[in-house]
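Note that the chains take the letters A, B, C and D in the order they are written out, and that residue 1 is the start of every chain.
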Amino acid sequence: MTLIKEDDEIYLVLDSRRNYKVQVEQDKQFHTHKGYIELGDLIGQPYGITVTSSLGVSFYVLKPLIRDRVLKTDRHTQVLYPKDISYILFQLGIGPGSTVVEAGTGSGALTMALANTVRPDGKIYSYDISEKHQNTAAKNIERSGLMPYVNLAILDITEGIPHEDVDAVILDMATPWQVVEHAWKAMAGSAVFLSFSPTIEQVMKTTEELNKHPFIEIETVELMLREITVAYNKTRPKTQMIGHSGYLTSARKVTKLLE
Amino acid sequence: MTLIKEDDEIYLVLDSRRNYKVQVEQDKQFHTHKGYIELGDLIGQPYGITVTSSLGVSFYVLKPLIRDRVLKTDRHTQVLYPKDISYILFQLGIGPGSTVVEAGTGSGALTMALANTVRPDGKIYSYDISEKHQNTAAKNIERSGLMPYVNLAILDITEGIPHEDVDAVILDMATPWQVVEHAWKAMAGSAVFLSFSPTIEQVMKTTEELNKHPFIEIETVELMLREITVAYNKTRPKTQMIGHSGYLTSARKVTKLLE
Amino acid sequence: MTLIKEDDEIYLVLDSRRNYKVQVEQDKQFHTHKGYIELGDLIGQPYGITVTSSLGVSFYVLKPLIRDRVLKTDRHTQVLYPKDISYILFQLGIGPGSTVVEAGTGSGALTMALANTVRPDGKIYSYDISEKHQNTAAKNIERSGLMPYVNLAILDITEGIPHEDVDAVILDMATPWQVVEHAWKAMAGSAVFLSFSPTIEQVMKTTEELNKHPFIEIETVELMLREITVAYNKTRPKTQMIGHSGYLTSARKVTKLLE
Amino acid sequence: MTLIKEDDEIYLVLDSRRNYKVQVEQDKQFHTHKGYIELGDLIGQPYGITVTSSLGVSFYVLKPLIRDRVLKTDRHTQVLYPKDISYILFQLGIGPGSTVVEAGTGSGALTMALANTVRPDGKIYSYDISEKHQNTAAKNIERSGLMPYVNLAILDITEGIPHEDVDAVILDMATPWQVVEHAWKAMAGSAVFLSFSPTIEQVMKTTEELNKHPFIEIETVELMLREITVAYNKTRPKTQMIGHSGYLTSARKVTKLLE
């Protein structure tokens, strides 16, 4: 059984809106509107328990999953939803030890999910042209403990990618088609290229460019997720739904195209 | 650069319908309707190259990804699509070292995806009541090289789960609600329960049962994936689409429920 | 060319949010935040022109369509969207001269669409148990000029339907299954029954009841509508979407079921 | 109660796949694989009854609705589904007495639905460049009894529309953008333009052209319909679904655009 240790990050849950990621430290208190919690008391306890604040309000103590980290990430620069992130991770075919190039870094939400997948001996090279984005992302990734597997840098990869033999290239940027040739050069044979784009014009231009280079299995999909309310005599899909986040265009590098 | 080694499994691609997973052996030929390929010649070559058969037909030589394995798995007992498998992997929050209980094993497609995620030091305990399913799955998993991370057994887990402190329970079976209590007992605190069910009655019964036990963050979603044809003046979603595979109901174990 | 006449209702449009349905009267002004409009000046003018207010702001003058009336209807009691209303009208197979029973009346939005379809010699008998609903609906229908084709009454049709040989029964109420038997009695042979229900439990109970009576072609569908933003380099489905309004369950009456 | 009369078209239903539209004539038999039916015996009978063939097999006798006619129409040239047709009819805002220009005629399925809506005193001018399409459509419409409300002609309306003051223009053709200017000229003020197009490039070009002319309320939507299987412990959306038929782009004519 995994017990809570000093320096662990925990996830304190009051309800679906009020939940917090907190680092456990001896002799430290975590203050909420419902009183404070003695974090040191949690050391040596199992996950899944409840803890009661100084004002007598109880919280669940959960172990943060990568999906919790993604959801808690600052959303200002983020349009990727769990439905997209999970599909990206699967489609990229990466795992422990993989090397991945990502651009742009954005809030770092996808960066963390990628890093979580390639640890302990892989690496995510994540580029962005915005210093502000990278600072935000750095803070988010640092807190998650995944920074050892990430290399952040400010770089415009439409001008080139300073890597070779990478296992995957994942793009969430305005002009992915300008990166296709650089991506091909940076990728290992058989590696996966994937671009997330909100507009169909981005998809068209990127696909056209992919068709001009030695890429196969070029395809575009979109994912829709519906939440279902399940309750006695009230079971139904929720009224509101995200109708569109973006298209996912992927391809696989080969050394040359067959006739 | 990863070079092809003896005993590696490779993925020979002629086109989207004609593609084969093959194990590389010195002095062995792989025979297709388009002639045979000398597999030994591939040893020491990089992935992504093309290879020409005795009849002069060329194939791409790719490195099989977990998604290729899932798609090549015998589909007779399978209703899980990549959209569902990828979401399951993400939602479960598992990674290298995780212990997972799965039932039923089915074709082994999801088992392989789970095993790929928890390797090198995790384990998937996969149960099925059908010996036939398990035999098929065993063959599929064996070929993928992921058997070291899988433990297959014929067992009806509606009668109990012989594990403790597992990191996740994932169900794709007819009566998941009969497993909820056993799952709670087998799971570590904070671990994730997820059930994939085609019908809404299964979802209702499972949710009702989850509500009776110390589970939080109980939710159900469904995913729809549309493939987009992207071609000059012909860009459009494909006419045919999978309208429904199943609902995904998930929850997280706590030791007790707060009032 | 249809010219605007005294007493016509017109639709003044400033933009997609600021638009008004107004009755044209000689010597009357319509006051807006952007100045007033001399309604008498419009008499004898064609539709589609622009008219300028006393403050120099111009409005388009459109002829109200049934879809404008539906959208302008008070939405407090309304969950039916144009996608549903249009499908209902088509599925019911009604036209000029048809007799239709509706319950509940709600805001009267669907009542107007039904009345518009059966005029000039058909009739909608619309029932609701709420006097408040019927008062709101009466006001809406009166304004649309469709009241001659509508008969509103406060009545609980779970206790019976006081009609014979009606061409269609359309339900948007909490317990449609309690009306199935009464509907069968009130309907002409070959007539269409249709029920709109937000929850799947309502659909299940109604379908079960339909299966117990001489109904054929029993089916349930749901419709999803996505709005697409079409603009240079910005073409994409909108982010927000209505994920669910309700299920549409329909059937056709026969005199007896074949074995 | 509507009784079956000589010359009425009836709809004989054995099951969801075996159903036939037949014209009732005294002393005539309708032959099926399950024996023949004496059509004259039906005269004076109500709809919804069952009739038994010479081989003792019973059929339901239904009154054909416009949706039955649409579904029975030859589908070779047809991509419009009921979900689209119903939305088109509603969005166009037409009714008894309306004048509509349609192109292309295709199989005539939409033509019939339009004609059914504008009868008894409206007219559908339906154009197609293919004589073959028009011949097929003519046969379909003739059989439906709706020909009095339809005017079919072979004409390429990208070169002009020979009408004025029409209430609606509905296009289902390869190059709708080439018709936008002609449509504007042919339409009454406030009338509705609607184009059904499978590809997004058609939507982009048509929208661009609409933006260049005095049209307001320019919008594009797509509709998805899911069929739900409702049966005890088997309730679920069907696996297969039509993912895409086409986009629906609509707009309203004004005499001039405001700044």
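One rule holds for everything that comes next: a residue touches a chain if its C-beta (ideal position, glycine included) is under 8 Å from a C-beta of that chain, and two chains touch if they have at least 3 such contacts.
The structure presented is a predicted model; accordingly, all values stated were derived computationally and were not measured.
Colleague: How many links in the shortest chain of touching chains run from chain B to chain C?
Modeller: Shortest path length, in steps: 2.
Colleague: Spell out the chains that contact chain B while also contacting chain D.
Modeller: Neighbours common to chain B and chain D are absent.
Colleague: Could you check which of A-C, A-B or C-D has the same interface as B-D, with more than half of the contact pairs identical by residue number?
Modeller: A-C
Colleague: So, what's the distance in Å between the C-alpha centres of chain D and chain A?
Modeller: From the centre of chain A to the centre of chain D is 47 Å.
Colleague: List the centre-to-centre spacing of chain A and chain B in whole Å, with centres computed as mean CA coordinates.
Modeller: Using C-alpha averages as centres, the distance is 21 Å.
Colleague: Could you grab the centroid distance between chain A and chain C? Build each centroid from C-alpha atoms only and quote it in angstrom.
Modeller: Computed value for the inter-centroid distance: 45 Å.
Colleague: Which residues belonging to chain D are in contact with no fewer than two other chains?
Modeller: As it turns out, chain D has residues touching two or more other chains at 200, 226-227, 232, 235, 237.
Colleague: Chain adjacency by touch: line, ring, star, complete or other shape?
Modeller: ring
Colleague: Per the touch rule above, enumerate the chain pairs that touch, sorted by label.
Modeller: Every touching chain pair, ordered by label, is A-B, A-C, B-D, C-D.
Colleague: Taking the touch rule as given, give the residues of chain A at its contact with chain C in the complex, in rising order.
Modeller: Per the stated touch rule, the residues are 198-201, 226-227, 232-245.
Colleague: Help me check something: in the complex, which residues belonging to chain C touch chain D?
Modeller: For chain C paired with chain D, touching residues are 1-2, 13, 16, 46-50, 58, 60-63, 65-68, 82-83, 85-87, 89-91, 93, 95-96, 113, 116-117, 119-120, 165, 188-192, 200, 203-204, 207-208, 216-217, 219-228, 230-232, 235, 237, 247, 249, 252-256, 258.
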